[in-house]
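Have a look at these structures, which come just after this line.
In the two assemblies presented below, subunit A is common to both, partnered first by subunit B and then by subunit C.
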Partner chain A sequence: MRHASSTRLIWTLLGLTFAAIAVFLWSLSAGAVHIPIATIINTLFDLDGPKQSFIINKSRLPRSLLAFCTGGSLALSGAIVQALLRNPLASPKIIGINSGAALGVLLTFILAPTLNLNWLPVVAACGGILAAAAIFTVAEIATVSPARLALVGIAIGMTCDAAVDFILATSELYEVSAPLVWMTGSLWNRGWAHLNAVWPLLVGLSAITLLYSYRLDLIRLGTAQATSLGLNVRRERLVLLALATLLAALSVSVVGVLGFVGLMAPHIARQMVGGTHRGLLPVAMLVGAILVVVADAAGRALFAPLEVSAGILTAMFGAPFFVFLLLSNTSEARG
Partner chain B sequence: MSIDLKNIQSGYDGFRLKDVSLQIARDSLTVLIGPNGCGKSTLLKTISRELHPRGGRVLLDSKDVTQQRSKLVARQISVLPQHPVVPPGITVEQLVGYGRAPYQNLLGLRSSEDRLRVEDALEIVDLSPLKDKLVSALSGGQRQRAFVAMCIAQDTPYVLFDEPTSFLDIRYQYEVLDLMATLHEQGKTVVAVLHDIAQAARYATDLVVMKDAQVRAVGKPTDIITEDMLSAVYGIDARVYADPVTGTPAVSAL
Partner chain C sequence: MALRGQSSSVPLKISIVCLTLAISCGTLFSLATGGRTDVGLADIFRPEGMARTVLFDIRMPRTCAAALLGVNLGMAGLVLQAITRNPLASPAILGINQGAALGLALGVVLPNTIDLPLDLYALTGALTAGVVTFAISGGFGGKIDSLRLVLGGVAVGAFSYAMVRFTYTLDDDIARSVIRWTVGDITDIRWSETKRLAVWAVPGFLASLVMAQRFNLMALGQASARGLGADPRITLLLGTIVAAALAGASVTVAGPIAFAGLIVPHLAKFLFGGDHRVLTPTTALLGAALMLFADGLSKTLTAPIEAPIGVVAALMGAPWFLWHTIFARDVS
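Coming up: the complex of A and B.
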C-alpha cells in the first residue's frame, strides 16, 4: 500500500503539472485581446508565424508567472500554518500577514502621500512581517500553545483591520483608491520588476519549506509527541513560522490580499494525497498556483475590458466550493 | 539503571511540583495514581522533556536528560500522552511509522529496519489488517492501540503511558493493560498513570501515590493500598479487600 500511495502521489503531481501548464497557456491567451494558443507558442519559443510579443512578453507573461509563484507560496504558507496551529481553518491571515500589510500600505499613503508607488510592495511586506512579529511576541512563541497563538493572531489582526476601516472611513476616497485596488488581491499592472523582486526569494523559501515536510508531519502530532520523537519543537516551530510569514508577506506585497488560497489549497491537496506533508506540500503548491493563475486570467477575460481582482474571484467561487469540500470531508472522516 | 527525579520543580503558572524525588527502577511496571490535578501528567511531561524543570534534574541512566541530544533521549523514552493528537489524513501505518523518527534523518527516509519495526508493532497491537485506514476513522480502542504501536515502533527501553485506559470501555481497557503487561514482560520499563486502583494494583510492580504536587507513597501495591491511604489521599471512606480473581487489593467505597 505504500507503493499504492506513492503511485497516487506521482500521478497526482503529473496530472497537476499538466493542468498547470494548460492553465498557464490559457492565461496567456485570455484577456481583452484573445490570443490563439498557436500564436502564444510562436511567441514564447520564437518560432516562425504570427506572434504577439508586446502583449505576451510585456504584460501577460510576467503577470501569469507572478500569479503562479505567489499562488504556490500562499498555499505553502497556509499548509505550514495549518500544521503548526493544528487547525484546518487556519491560514496566513491568522498570523496577521494580510491585515498588517493592508494597514502598512494605508498608513504610508496617509503619512507619506508623495511616496513613489514602487515602494508599495516593500511597505506591504514590512507591515505583514511586523504584524506577524507582534503576534509571535504577544503569544510568547517559545512556549506557544496553538490555541493561544490563534487567539492572539485574531485579536491583533482585527485591531489592524479596525485601523484600516477607520482610515478608509475618514479619508477622501481618491486618496485611497489605489491601495484599495491593491488590497483586493489584484495583479493588474504587475510586471517583470515585481516578478524579479520576489521570485528568487519565493523559490528559495519554498525549497527550504519542502525540506521541512517530515518535521511538519511530526510537529502536527503535537508538542508532546514531537518532543518525545526527538524533535526540537521550539526551534523548528520558529523556523517554520518565519518561513510561513516570509512566503505570505512577500506574496501579499506584490499581489495584495489573496486570502483564500492559503486556506483552500492545502485542503484540496489533503483530499487528493492525504495528510503527509511530503505529498501535501508540493500538491498544495501546484493547486495554489493553478487557482491564482485561473482567477487572474478569468478576472481579466470575463468582464473585459473591465478587470475583476483575482482575490475577489477566488473568494467568490472558492468559498462555496470550500464549504462543500469541508462538508464532504467530515462525512468521510466519520464513516 | 533507572529514571531518577531529583528535587523536581516543574509545572505552570499556578502549579508547581514540590521538590519531587522519585526513582523509577529499570524493568519495573510503575503505576502513578492520585486525584485529578495532583500533578501526574506534569511529572510524566517533565520526564519526557515536554516541560523543563525550573528546579531539580531528571536523570536517565544517571545522565541528565536536558544535557543529551534530543534524538538520543528519544531512543530511550517513548510517550503516549493523555490526549494524543489525531492528525487528519494520516493512515495507521504512517502514524506508527513516525515512531521511527529518532532513527531517521530530517527527511524521514525509511530504512528496511524501519519497515520491519513498523510491521512488528502493528502485529503486536493487532492492527495489521487496518494499517491503511485513516487514524481518524478508528474506534477509540483501535486508536489507542495505534498510538501504543507508535511507541513500540520507537523501540525504547522506557515507555510512558498517561491514562491509556481513560475513555475506553472495559474490554478495551484490559486490552491496553494487557498490552502494557506484555511490553513489560518483553523487558521494557513501563510507567503509567491509571485511575482505577484495582487495575493499578493488579498490573503494577511498583505503585506511586501522588497528592497535591507531591509524592505521598512509593512501594508494592499490597503495602500501599490501605484504607488509611484512601482516606488521606482521596478523602473517601473505603474498604480494601483481596480481589477474588487476582488476589491483589481492590477497593469499595462505603
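Coming up: the complex of A and C.
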C-alpha cells in the first residue's frame, strides 16, 4: 500500500515536472511577438538572432521564472493554511494575507516612492504578517471556530482593501498609475530586478517548508495526538503560519494579488496524490507554478497585442472552482 | 404581536424628528461643501448669480443622489438581511453589486443590437448574481446555510469583478472611467441620473413596505413562516428581486458602493428594534442621513482631491463588518 502510493507520487511528480517544462517553453513563445519553440531552445543556448534573444532574455524569461516561483509559493502557502485551519476553503487571499501585503506595498509606493525595489518584499512581508497576526490574535482572544476565522479573514481583507481604494482614489493619477498596474495581479513589465529581489527568499522558504512538512501531518491528527507525540503544537503552528504568510506576502510584493491560486493548487494536488503532506506539498507547488505560468502566457496570447492580467484569469477560473468546493465540502466547511 | 415587545427602544415620534434633523444637517453639510470653496453655507439661504448655478445645477443633484443612494442601499441591505436571516448579508457581500457592475460592463462593451437601457443590464446582472449566490447557499431548497451564503457571495463577487476587469482591459477608453467608477463615485452626477435613482427608489420602498409583514415572519424561522402562510422561498425570491432592483439602480449611477447596505440596517435595528414595519421607513431615512454625511466628508476629507463616496462608505463600513464578524453570535 505504502509502496504503491510512493510509486504513484514519483510518477505524478515526474509527469508534473515535464508538464511544467512544456508549459514554461510555451509561455516563452506566447505573446505579441510569436516565437517558435525551436527558436527558443536555440536562444536559450545562445544559437539565434538578436531580436528573439532580446525578447526572450530580457522580457519573457524573467517573467516566466517569476510566474513559476510565485505560483509555487502561493500554492505552498495555501496548502499550509488549509492544513492549519483544517478548512478546505482557506487560502492566503481568503484569510486576508494578500490584502495586507498589498496595503503595505501601496503605502510605500506613496510614502517613499524612491525606495529601492529590493525593499519591496520586506514591506509586503510586514503588511502580510500584520494582517495574519490580527487574524490569529482574534482567534486566540475570541476562540472562534475555523469557519468564523475565514469570515474574520475576509473582513480584515476588506478593511485593507478599503484603505487601498482610499489611497488609490485620492492620489494624483501619475502617482498611482504604477501601483495600479501592480495591484491587478499581473506579471506585465516584470524583469530580472523583480525576480532577483525575491527568488532567493522564495526558494529558501519553500525548502524550509518542505523539510517541515511532516509536522503538518502530525498536526493534522489533532492537537491532543500531536502533543502526545512530543510536538509543541502551538509553536509549530506559529512557525508554519509565519512560513505561509511570508511565502504569500513575498509573492504579492512582486506580482500583486493573484486570486485563488493558493486555493486551487492544493486541491488539485490532493486529487492527484492524496492528503499526506510529504507528497502533497511538492505536487501542489508544481501545480501552482503551472497554473500561474499558463495564466500569464494565456493572458499574453489570447488577445495579443493586448494583455489580460494573469490575476483576472486566475479569478475567472478560481471563483467557480471555489463555489464547486463550497458545494461539495459543506460538512467540513462548517468546521 | 410577538415583535411589538422588542421594537422601539426609542419612541417613534422622537426618532423621526431626530432623523429628519440629521437629514437636514447632512443636506446642509453636503450642499455647503465642494470644489468651489467660495460657495458656502451662507449662499444656501440667499443664492445669487454664480452661487445659484453651483448650488442648483451641480451640488443639488449630487446631494439628492447621495440621499437616494443611502435609501436604496440601506433598503437593499435590510431586505437581504431579512430574507437570509443573516446579519452579514448586504448587496456588496452577496456579490449583487459586482453582478450589477458586470451587467453594466457587458451592456457598454457588447454591440447593443436591441437598444436596451443600461439600467436593465445592471438589473439583470444584479438579479443573476443574487440568484446564483442564493442557489449556492441552498436557499431555494428552503434552508440557507449562513457560511455558504457569505463565502458563495464572495466567490460570485470575485468572479464578476474579474470579468468586469477583463472587459475593460480590452478597451482603454472604458478603462479610465471604469477604474474610478468601480470604487463608487458620484462626482459628475446631474439631474438626469438623480431621476433614474428616484425612479427605482420609490417602487422599491413601497414594495418593501408592503412585504414588511412577510419579513417579520421570516424572523420567526422558516418553519413558522410557512405555518403562518408565507412560504419562505417566495419571500426569498420577491426579496431578491426588490434588493437587486435597488442595488442595481445604485450601481448604474454610482458604481458598486460597498458597506452602506451593511451598516445602515444594523444601525436602524440597533435604534428601532426588529419590526420591519418600523424598520423600513427608518432605514430609508437613516441611509439618506448617513450617505449625506459621507458625501460631505468625501468632499472635505482630502480636499482639494475628492475621495469617492464609495471609499468613504467603505472606510466607515469595513471596520464595522470586521467587528461584527468577530462578535456577532449568529453568523455560523
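The rule is short, and it goes like this: the second predicted complex is superposed on the first by the 257 of 335 C-alpha atoms of A that agree within 3 Å, B and C clash if a C-alpha of one lies under 4 Å from a C-alpha of the other, contacts with A are read in each partner's own complex, and residues count from 1 in each chain.
In this section, contacts are C-beta pairs under 8 Å (C-beta built on N, C-alpha and C of every residue); 3 or more make two chains touch, one makes a residue touch a chain.
Bear in mind that the values here come from a model prediction, so they are computed numbers and not experimental data.
A.B. asks: Quick check for you: in the superposed arrangement, does A:A315 touch first (subunit B), second (subunit C), both or neither?
C.D. replies: So A:A315 only meets subunit C here.
A.B. asks: Once the structures are superposed on A, label A:F303 by its partner contacts, choosing first (subunit B), second (subunit C), both or neither.
C.D. replies: After superposing on A, A:F303 lies in contact with subunit C but is clear of subunit B.
A.B. asks: In the superposed arrangement, which partner chain does A:D217 touch: subunit B (first), subunit C (second), both, or neither?
C.D. replies: Once the two structures are laid over each other on A, A:D217 reaches subunit B alone.
A.B. asks: For A:V152, using the defined touch cut-off, is the partner it touches subunit B, subunit C, both, or neither? Pick first, second, both or neither.
C.D. replies: A:V152: touches subunit C, not subunit B.
A.B. asks: Determine, under the contact definition given at the top, whether A:L231 touches first (subunit B), second (subunit C), both, or neither.
C.D. replies: Touch status of A:L231: first partner only.
A.B. asks: Which partner reaches more residues of subunit A, subunit B or subunit C?
C.D. replies: Higher number of touched subunit A residues: C.
A.B. asks: Mind working out whether A:P113 is in touch with subunit B, subunit C, both or neither, as first, second, both or neither?
C.D. replies: neither
A.B. asks: List the residues of subunit A that touch subunit B in one complex and subunit C in the other.
C.D. replies: The overlap between the subunit B and subunit C interfaces on subunit A comprises residues 333-335.
A.B. asks: Taking the complex as given, what residues does subunit A use to touch subunit C?
C.D. replies: Those in contact with subunit C are residues 89, 94, 138, 142, 144-145, 147-148, 150-152, 154-156, 158-159, 161-163, 165-166, 168-172, 180, 184, 259-260, 303, 306-309, 311-313, 315-316, 318-320, 322-323, 326-327, 330, 333-335.
A.B. asks: Using the touch definition from the top, list the residues of subunit C that touch subunit A in their complex.
C.D. replies: Result: residues 88, 136, 145, 147-148, 150-152, 154-156, 158-159, 161-163, 165-166, 169-170, 179-180, 183, 185, 258-259, 302, 305-308, 310-311, 314-315, 317-319, 321-322, 324-327, 331-332 of subunit C touch subunit A.
A.B. asks: Can you list the subunit B residues touching subunit A in their complex?
C.D. replies: 45, 48-50, 70-75, 77-79, 81, 84-85, 87-91, 93-94, 98-99, 101-102, 104, 106-108, 131-132, 134, 136-137, 150, 154
A.B. asks: Could you pull out which subunit A residues touch subunit B in their complex?
C.D. replies: 1-2, 5, 86, 88, 211, 213-215, 217-218, 220-225, 227-232, 270, 274-276, 278, 280, 333-335
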